[in-house]
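Here's the structure we're looking at; comments come further down.
Read from first to last, the chains carry the letters A, B, C, D and E; within each, the first residue is number 1.
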Amino acid sequence: MMRYSYFPGCSMDSTAVTYKASFEYIARRIGLIMEEIPDWNCCGSTAAHTKNEKMALALPARNIALSEEHNPGLPIVTPCAACYSRLAYSTYAARNSEETRKEIEDIIEMNFKAEPDILNFLDLFGDEEVLAACKERLVRSLKGLKVACYYGCLMSRPRHITGEEDPENPMKMDKIIEMTGAEAVEWDFKTECCGASHQVDAPKAARPLIEKIFRNARANGADAIVTACPLCNMNLDMREEEINKQLSHKYNIPVFQFTELIAIAMGADASECGIHQHFFPAFDLINQVIVKNAKEKAAMEKQEAKKDPLADGPVVIGRAGR
Amino acid sequence: MAYTKEQIQEMIRQEAKKALATGEVSAVVGWTSTRFEDRTKPFFAETESECDLLVWNEYCINGTAKYALDDRYPEKKLAVIARGCDSRAINRLIQDKQVKRENLYIIGVACDGKDNPICKECQHKNPLTFDVLVGEEVEEQINADRFAEVLAFEKLTPDERYDYWAKQYDKCIHCYACRNACPACNCIECYADQYRTGWQGKAADREQNQVYGLTRVYHVGDRCIECGECERVCPMDLPIMRQTRKMLKDINDLFGDYECGLPDDRKPVLGEYKLEDPDEFM
Amino acid sequence: MSVKKDNNWEPVILAFCCNWCTYTGADLAGLNRMKYPENVRVIRVPCSSRVNPQFIIRAFQKGADGVLVCGCHPGDCHYATGNYYTRRRFMLMKRLLEYNGIDPKRFQAKWISGSEAAKFRDTVIQVSAEIKALGPNTKFVGTYAPQNAVEGGQE
Amino acid sequence: MARIGVFICHCGTNIASVVDVERVAESAKTMPGVVFATTYKYMCSEPGQAMIKESIEQYNLDRIVIGSCSPRMHELTFRKMLKGTKINPYMLEIANLREQCAWVHTDREKATEKAIGLVQMSVAKVANNKPLTTSTIPITKRALVIGGGIAGMQAALDIADCGFDVTIVEKEPSIGGHMVMLDKTFPTMDCSACISTPKMVECNAHPNITLKTSCEVEKVSGYVGNFEVTIKEKAKYVNHDLCTGCGLCQTKCPTKVTSEFDQGLSKRPAIYIPFAQAVPSKPVIDANACLKLTKDKCGICEKVCPIGAIDYKDEVSYTTEEYGAIVIATGYELVDWAEMYPEYGGGKYKDVITGLQFERLVNASGPTEGHIVRPSDGKEPKDVVIVKCVGSRDPKKGKSYCSRACCMYSAKHAHQILDKIPNSRVYIFYMDVRTPGKGYEEFYDNTRRDGAQYIRGRVSKIYKEGSKLIVRGEDSLIGKPVTVEADMVILATAMEPSPTVADVANKLGIAIDADRWVTEAHPKLRPVETQTNGIYLCGTCQGPKDIPDTVAQGSAAAAKVAALLCHDEMETSPMISFVDPNKCSGCGFCEGVCPYKAITMVEYAGRDGNRRVTKTVAQVNEGLCQGCGCCNAICRTGCIDLKGFTNDQILKEVDALCL
Amino acid sequence: MDKILNRAEGKLLADKIAKEADVKLHECYQCGKCSAGCPMANSFDLMPRQIVHYMHLGDMDEVLRSKTIWLCASCHTCVERCPHDIDIPTLIEKSRMEAQKRGICAVRDVRLFNDIFTETIRYTGKSQEVILEGAYNVTSGHLMQDMVNVPLMLKKGIVRPEFNTVQDKQSIKKIMNKAEEGGAAL
């Protein structure tokens, strides 16, 4: 049963349009049931734990408590790395100290047992059942697309919160991406920090972090970067243009959400997975790959003298109407 | 339960006959009826006809395993009808190298509790070691209150505790029934009988009984299978398990989960050590 | 238990000391002319793991007011691993005695190395003071005397 | 009834000034079994001893108590004295009236009372003493050395030179160990192979040394002077009695696999002599690689061998031999850094190599004939980074200890690079530079003079961009992050004990620590002995060390072995455990706690009532037992007891305390 | 002026923080792997390694007045690679809270951003990117920062003018107020 308690997080309703659209497309296709936690609140993100530890534990705890009440027995899934980290921190703290758990209960004035496991989207799509369901629905391959899977900090570190076995070189997203036929290149900045939390308040210090990520992706032959978090994605996507302006050489590396690639491999068109809504143009690259693969496939099928009427369709992925 | 008591009794008799028929088994230890309806007694069935005297009912309370020590150097196998507790007692004897597994033929039978207070706490109704299982297994329960009695007793003041035990040992008649019934008390010659070395005296007074009581805990505490035979056989109703369980509780607290009589290779706690054991003697 | 307020009363404290560490440490305390109460009597054993807990029971039975078991620090045992067994044994025994009503101060174990003369002295001073405060031990005391108490060696 | 004499020593005024010795003697006279008691000024003096001897005769004493200084002081003196009398030396107890009474107390009254108490305890104990006799065991005058590296070779040569037979067991096809892989040795820069290969040849040629290569220790039993060792000889598939070592088979073998000797930097055939100077210089077949043995194809080596030495049917064989002493010299391996450090690429970059790989690269007989080139593309590196403490001083990811030799070999590597590659630059990331050895600090100075850049800080990440390796560290002396774009990175990887050591130690019954280093009997005073008598250690099986220290330990262990083997027999202490087989239940708990494996379970013809039965009971090996008594306390029956400290004696001491 | 290292207050505070963070300061041998791997190190005034060293010395003044404690991105790279598993992010986080308590702030903008962020949550229950960026730009004086992206955002429907809010706003306010009453340390 692919049923989960769902904590979308604030970005899912604002900046993460492409993430939301593509995920919802996949969920519909494979029959994922996501029970959204009723009246959830912001997890506090990076700001709360900067200011006050109790607040940082209590804000996510309210969401977990709500989930325990309304979606009993279901693990909580969240698309955002920061939300994931904060929810996992609260769970970890409560599970390891009865005193802390009671104190949190006292603050939020709700029952809080810290029972549900906290999953991020990579955990969700790494699940065998979900993965198998996705595989079943794939209609086209992204062969020829070389991407660098960018995991960021919060899904990898600290180890005791995330349970990641190899925070230097995680492989969860690489495995998911390879399902689509795209190639996940070996590179070295999978979990280097992108500085998202300081891009607004200390931009001079934080911008170079993004540049280094692009540089290493390029040096290792990636055409695009793939993320699994609304913040990572926005951070890289929104500032690529700005970084290019300051450099003599230009990066041309679109930044996708991994769900977009799955959705496309499942046959989604641009408007269905939001691929046209990126700051840095992302449509052309994916279209080239799809068209090339479709042509090759058609040529092969012609050779085999078995004519498939659908293979003739010139554009496989339509531009968005909006 | 799928089988009635009578059906199980019949199956036990059949298995006993089969065992004897092999010619490798000298006798089958089980229970037989007595002139009292609510009593059974341990019984060695040595012939086919005697097998029909074996019974199975809620009064089959005697442990059967220790009878394996009646003959430590047997020529033939001994067949033992073993409930969960008996099988753990057998494991105890095997792990203590007092009987050889190959000298036993174990007819296992799941036990749903007997007319014996200890059975309420039982965590192993199904035999853990057997050659043949009669009937089918029953559902196990975890006894969450395994050490409740000890915990409660620990709350008393030292003087209250001392006085309590002193009164108990005043009652004790030094009969060694607890020792004789205990599967962990399996020495060929008990220390308590070695009057030349003078570990303790023969008198049935408080002093000697106290020494015996404490020494007994030290000797069996890390090997006790919690079958409760000691308390069952005590003519003076001494709460003997309350002493042994104390040591088991401390072992669980200090050295991790620990239960004896399971078919594993774990050494008794006092016979091994870990470098990272807690240390309070610094 | 009512404590007798007899100021002249001196406890009897028995200390089992391993030959290689604590007994040496106690000798060193003497060599350095350190001072400690007279009420401690040392029994020399090769290793703290030689000490059978039954000896402790016997000591209380014979009227000892306190018992101390001392050995090398874990890891320093002359016999490599002996004191690891000692540690387990007496951690359990201490709790068992306490459970049976013996004040935990009356039975103590300590690791004292051959160079820790001061620790030996401090331990003795501390244990002695603690037991003095507790008063005479009345628990488990008896009159038993083994048959061959004096003739010995004739078995 | 015992006849006990009590002798109280004044020790000048040492005891007598605090303890009323006369009163002690007087009250001793009333103690059970005491027939005579007296005092004397100096009991240990000649006249004192004479007085005791006379009293023994005069009062027909059969045991004595001496109240004097600590038994640790004069127990042996008085035992020796008793050897000349009719009393057995072990019918003696000493009451410690000086160190543990007179010297630590001031109150004369209380101290005297305590002294009486102490004498009382000793009297009670001595009443239960029994005569004990020392026995002797013969010594087999042969030694076994486990491991044929520089430590094992040195030990074997020194023992053999003393005239004793030595066997070297080496698991690899050749002796030599790690030292022959090295290029130069610091700080003198002599050629490592040039000084170690003569030792190998000498081992082979020495009339007293037997080499057993491709062999492992299978089983060890016995005790000091009398070990019985079963040695397993792996299948070599080449009859070394016939083989002349012509090497034709090697040149014709079609299979090529990674060379262990070259640390993966070159290939070797499936039938191979590990390296040119190998001893014995005869090939073996790698059964995992050989086509004939894996797939029953090929068979070329058999066809080309001019004397028919190839034997595909060769099998594992076992031999059992007796030795009087054993030396363990199993050496080290480098830790698997790739597992530990994914941030250094986890092994995916070919140009990130270990120090040992660099030794092969720079070695004139190595895969590149001594040219330092990048393994990935064969180009000469210009910028080289050396990272120290990879796997050492890192309790989280690797080992907590300092690996000791790396600081020096890293300096050596830097020197070699700067020397061999013109215009090269070497950056050494370090935390501390440790150079405690003769000429070492000077060598470090010279390396800096050569131009090596020492940067104090641990490298956090190594990654690749293009053909360059980007090394990120902090220059912690400046306090800023630094990045070096390198062509090659050498990791000074930590040593760890050979993977076989746990198994060997277990078979020998000796202790290893948490990091698997073999534990010495005493870190200061018995550095080359193990806890078990007759088993010695040397080299890096005990801890990381460099070549001079290793060789010194090899010779030290050899001296210890020679000191043992030069005797025909040895005395054993009589104060050991013994078993009453009639009481023993055979539970085997004593066997489990014995640190010396001195207890074994044996069959015993006993009785069960009227029946004769074969019981299984514990038995103490007198050669192995050291007399700790751990087994006594675990025995519920009390049937295993310690001579000199029997249950009976201790109980009597306890009883006497409170009389 | 010379540093006075044996003043007790700083040491007490450093030890308290270290204890809460479960860090043994003496275990750090200043290898610098933390600083070498730190993505933000180039803008720090004190290296993470130096933070630990100052704390070990008991010189908390330097730590509390540093920019580093405000600029740390909490990416946990340092502790992941530290040979002694020293939890620098927690040391920094706790130091930052201590600095806030004392009204010390070396990087005003970071504090401002965090304040706006938490206030937004306090009043709406969710984070509002538009308010956040707008309010920050106005209060910080960096008026044009990131504004170039706004038209594109609106055009592509990435941000919308309306807000998402929690229905039960009171409970959020209460949680936050209660947490703050309890003080920073848990």
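By our rule, contacts are C-beta pairs under 8 Å (C-beta built on N, C-alpha and C of every residue); 3 or more make two chains touch, one makes a residue touch a chain.
If you're wondering where the values come from, they're calculated on a predicted model, not measured in any experiment.
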- request: Give the fewest steps needed to get from chain A to chain C, where each step moves from one chain to a chain it touches.
  value: 2
Statement: At minimum, the number of touching-chain hops separating chain A from chain B is 2
Statement: Between D-E and B-D, more C-beta pairs in contact link D-E
- prompt: Looking at C-alpha means, what's the farthest chain from chain C?
  reply: A
Task: Calculate how many whole Å lie between the centre of chain C and the centre of chain D, each centre taken as the average of the chain's C-alpha atoms.
output: 35
Message: Averaging over Cα atoms per chain, report the distance between chain A and chain E in Å.
response: 25
Query: Whole-Å distance, chain C centre to chain E centre, using C-alpha means?
result: 56
Query: What positions in chain A touch 2 or more of the other chains?
result: 168
Statement: Among chain C residues, those touching two or more other chains are 53, 58, 81, 85, 89, 146, 149
Message: If I count partner chains per residue in chain B, which residues reach a count of at least 2?
response: 191, 197-199, 270, 275
Message: What's the complete list of touching chain pairs for this entry?
response: A-D, A-E, B-C, B-D, C-D, D-E
- prompt: Which residues of chain C touch chain D in the complex?
  reply: 10, 12, 14, 19, 23-24, 26-27, 29-31, 33-36, 38-39, 41-47, 49-53, 55, 58-59, 62-64, 78-82, 85, 89, 121, 145-146, 149-153
Message: Applying the document's contact rule, which stretches of chain D touch chain A when the two form their complex?
response: 342-343, 345-346, 348, 461, 463-466
- prompt: Taking the complex as given, what residues does chain B use to touch chain D?
  reply: 72-73, 96-98, 186-191, 194, 197-199, 219, 267-268, 270-272, 275
- request: Can you check the complex and tell me which residues of chain D touch chain B?
  value: 514, 582-589, 592-593, 608, 611, 613-616, 634, 636-639, 647-648, 651
Statement: Within their complex, chain A touches chain E through residues 10-11, 13-15, 17, 39-42, 44-55, 57-59, 62, 100, 103, 107-109, 153, 157-159, 167-168, 191-193, 195-198, 200-206, 208-209, 212, 238, 242, 276-277, 279, 322
